[in-house]
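Scrolling down, you'll hit the structures one after another.
What follows is a pair of complexes built around chain A, which joins chain B in one and chain C in the other.
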Partner chain A sequence: MKIVAVCGMGIGTSVLLKMNAEKVLRTLGVDADVEAADIGVARGMARDAQIVLTSEEFASEIGDVPAQVIVIDNFFDLEEITTKLKAALPE
Partner chain B sequence: MEWLVVVLNFIGQQILNVPAYLVGIITAIGLIALKRPAGAVIGGGLKAALGFLILGAGAGVVVGSLTPLGNLILLVTGAQGVIPTNEVITALASVEYGATSAYVLTLGFVVMLALARFTPLKYVFLTGHHMVFMALLLSVVLSVGFGPDLNWLVVLIGALLLGVIMVVMPAFAHPWTKKITGDDTIAIGHFGTLGYIAAGAAGQATGQKSHSTEKINFPQGLKFLRDSMVATAISMVLIYMVFAVWGLIALPQQEAFDVFGSADTGAYIMAAFAQALQFGVGVAIILYGVRTILGELVPAFQGIAEKVVPGAKPALDIPLVFPFAANAVLIGFLASFLGGLISLALLAVWLGPVFGLALILPGMVPHFFTGGGAGVYGNATGGRRGAAIGGFVNGVLITILPAILLLVLGELGFANSTFGDADFGWFGTLIGVSLLTGVPAIGVVLTVVIAVVLVVVASIFQIRVVNTGWTPGAKRDAWLASEAEKAEAEKAAEKAAAKDAAAPAVETKA
Partner chain C sequence: MSRTLADELSDDAVILGAEAPDWRSAIRIAGDALTASGSTTDEYTAEMIRAVEELGPYIVIAPSIALAHSRPSPAVLKTGISWVSLAHPVEFGHAANDPVRLVVGLAAVDHDSHLTTMSNLAGVLSGDIDSLLEATNPEQLRALIRDNTQ
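Here is the complex of A and B:
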């Protein structure tokens, strides 16, 4: 499974989001590749990913993609990421 | 024992001196320390190394597009034109200083952890790309100052300075950051901090009676500028077109055509257009490289930091504050860009001819990120007016400071790019100036003094100002509260009036 974490440049906050998502996935015992991306390539990367994690502003910009777009309000809230990822993951 | 010398020499020269391998090894060691499985260690290390090589490939593309632009600007204005882009100058400088900066980065991270552990400055700087940029800047400036033979000294002093700047800047920005985010859990770790503090102060000075930017309804049409690929391409096309047309007017036609080796005007214009897009391509490649390195390196670093300094505040990248005042980001960006243009004019007509400073052309990406951040800081203390003036001040800073920094960057100063954000400017220049005597011993003393002073001042600031909960712009907050009260009272009065007006009507009906 592929998950994409998105921010403006793809080197700042998205890397942190990627790390926190990986942490959550490890505790959930889910095997997935998480990659950081900037908004410029996000639409392209979302083509072959299952889940996109991003902030509310970028979610509207990414628009309609085959991947499931999940809005994370606080990139540092592991609980929020856990609940939202859990709901999105296939059982 | 001769074989041992040969082996050590081989390791030193062929492996530890090659930045890509070195970064890969450092990442792998970090992942081993975090007890990741062997596959993750090999994959992470290899990816970080590949990321570094991608950086080099992107640098080649960028140089290819910057060289004709540099020539063109030199021909028409007689001055050196420079576009400050951190990613670009980092990629260029890493060819020569990559290995040194990798050592500075690793050791500097250790210094930061020690400072966070043992001083009141409990910040862990996690903005990976800025760590890398600052390590490179310090490696370049110190190598130029100490000369090529004192590499070990460059690494030691560079690491000390890097560790210090990574804990003091989040502390200095923290009163404003707290005001923006409304709590004390995260700090800003970004080397545009001087611009943010200046914006916060300017906002407080000018916007005492100004409402928040967030009450304005903005058109969403400028949002596409958050896309760095689009923003870079647009700004480069603009810059290229301005100078290409200028070249057509000011130069003998053949001389202008020769810059791109074109045969006629149409080919000349389209060559300029194509080169501008090539710059965007180069930056995109570099960003991909940076992302590949950071995706592996930052988690390794953060995992270690969490174990060594539990409970320290993470100091994060500037877009973190953007959601708190989205309109202020836009206002700050536009005002910053304006500040950059006006400062460019100032450089062209006065500072350039008199002090020999280069022309700093406004790059859309630094103006967006640091200008946007300055807008948010300005808004927090001075509302709309604060966001605009704060952004403008930032724009002036990130144009003038890089121009001064170029003077201390040595031969790299001719690469047509430089570091953009404010802290690179003042810190790099300060370090460069303290090495000017050319005597390494004096340079060491002065730089260590700078480091100690920064830590002491920041510690005092942390204890006296941050910890006591000083809020910048408290006067305006009081004014805002009274305004809100007034509005509330008016509303209540209106309601009462409406009731009075309605009451007789009810009566007659009855």
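Here is the complex of A and C:
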């Protein structure tokens, strides 16, 4: 499974999102490769990803990709990330 | 061992109880602290403000917390972080997480050099930030951060 965490610059918010998503995935026992990306390269990377994690601002900019786009409000809220990731993960 | 978040925060990089009338001022204070601690030139501060003008207030990543940053550029002299607590909460225009009480400024020379710091930051900011906001001097803040760094 490939997950892309997207932000504007690719060094700040997406890195935090990637770290916390990895924490959640470990707890859930899900084997996934999480990458951080800036919005410029995100569209390309999202093409072969199953899930895109991002903030409200970028959700619409990612455009038409096969991946499920999940909006996270609080990047530090592991419960929010867990709930939203669980809903998006295949059974 | 790599430097932890508390090591990164020199006295020059910490401004507590700052007065900022609006989000641009709040980011400018965080940028000035990065410049004062030798991480960036003034141009980086302008880049951080431009990022929000162009991309929106997405840097408000959690309730009360903004992570002001731009991308690696010649305006970044070394990887570093600044910490600005605001005397009065400031609206950044974020739908879910306004108003902001803490602005963390981040400058990175590349995509990897700041990962330990970011991991520490994630740990520290996931907890209760109220006690961090009550710090009245940089040494006290560093002690609180060390207590919350695994």
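Please note the rule applied: the second predicted complex is superposed on the first by the 91 of 91 C-alpha atoms of A that agree within 3 Å, B and C clash if a C-alpha of one lies under 4 Å from a C-alpha of the other, contacts with A are read in each partner's own complex, and residues count from 1 in each chain.
As a working rule, a contact is a pair of C-beta atoms (placed from the backbone, for glycine too) under 8 Å apart; a residue touches a chain by one contact, two chains touch by 3 or more.
Here the structure is a predicted model, which is why all the values come from computation and not from measurement.
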Looking at A:E22 after the superposition, I want to know if it touches chain B, chain C, both of them or none. Which is it: first, second, both, neither? first
What is the contact status of A:C7 with respect to chain B (first) and chain C (second): first, second, both, or neither? both
State whether A:E56 touches chain B only (first), chain C only (second), both chains, or neither. both
With both complexes superposed on chain A, which partner does A:E35 reach: first (chain B), second (chain C), both or neither? first
Partner chain in contact with A:L78 - chain B first, chain C second, else both or neither: second
Just which bits of chain A does chain B share with chain C as contact spots? 7-13, 15-16, 19, 36, 38-39, 55-58, 75-76
Quick one: which bits of chain A touch chain B in the complex? Just the residue numbers, please. 7-13, 15-16, 18-19, 22, 35-41, 55-58, 61, 75-76
The chain A residues in contact with chain C across the complex are 7-13, 15-16, 19-20, 36, 38-39, 55-58, 73-78
Contact residues on chain B for chain A in the complex? 126-129, 185-186, 223, 226-230, 284, 287, 290-291, 294-295, 298-299, 302, 314, 316-320, 322-323, 326, 365, 369
Which residues of chain C touch chain A once you look at their complex with the stated criterion? 51, 55-59, 61-63, 65, 67, 69-72, 95-97, 106, 108, 111, 114-115, 118-119, 121-122, 125-126
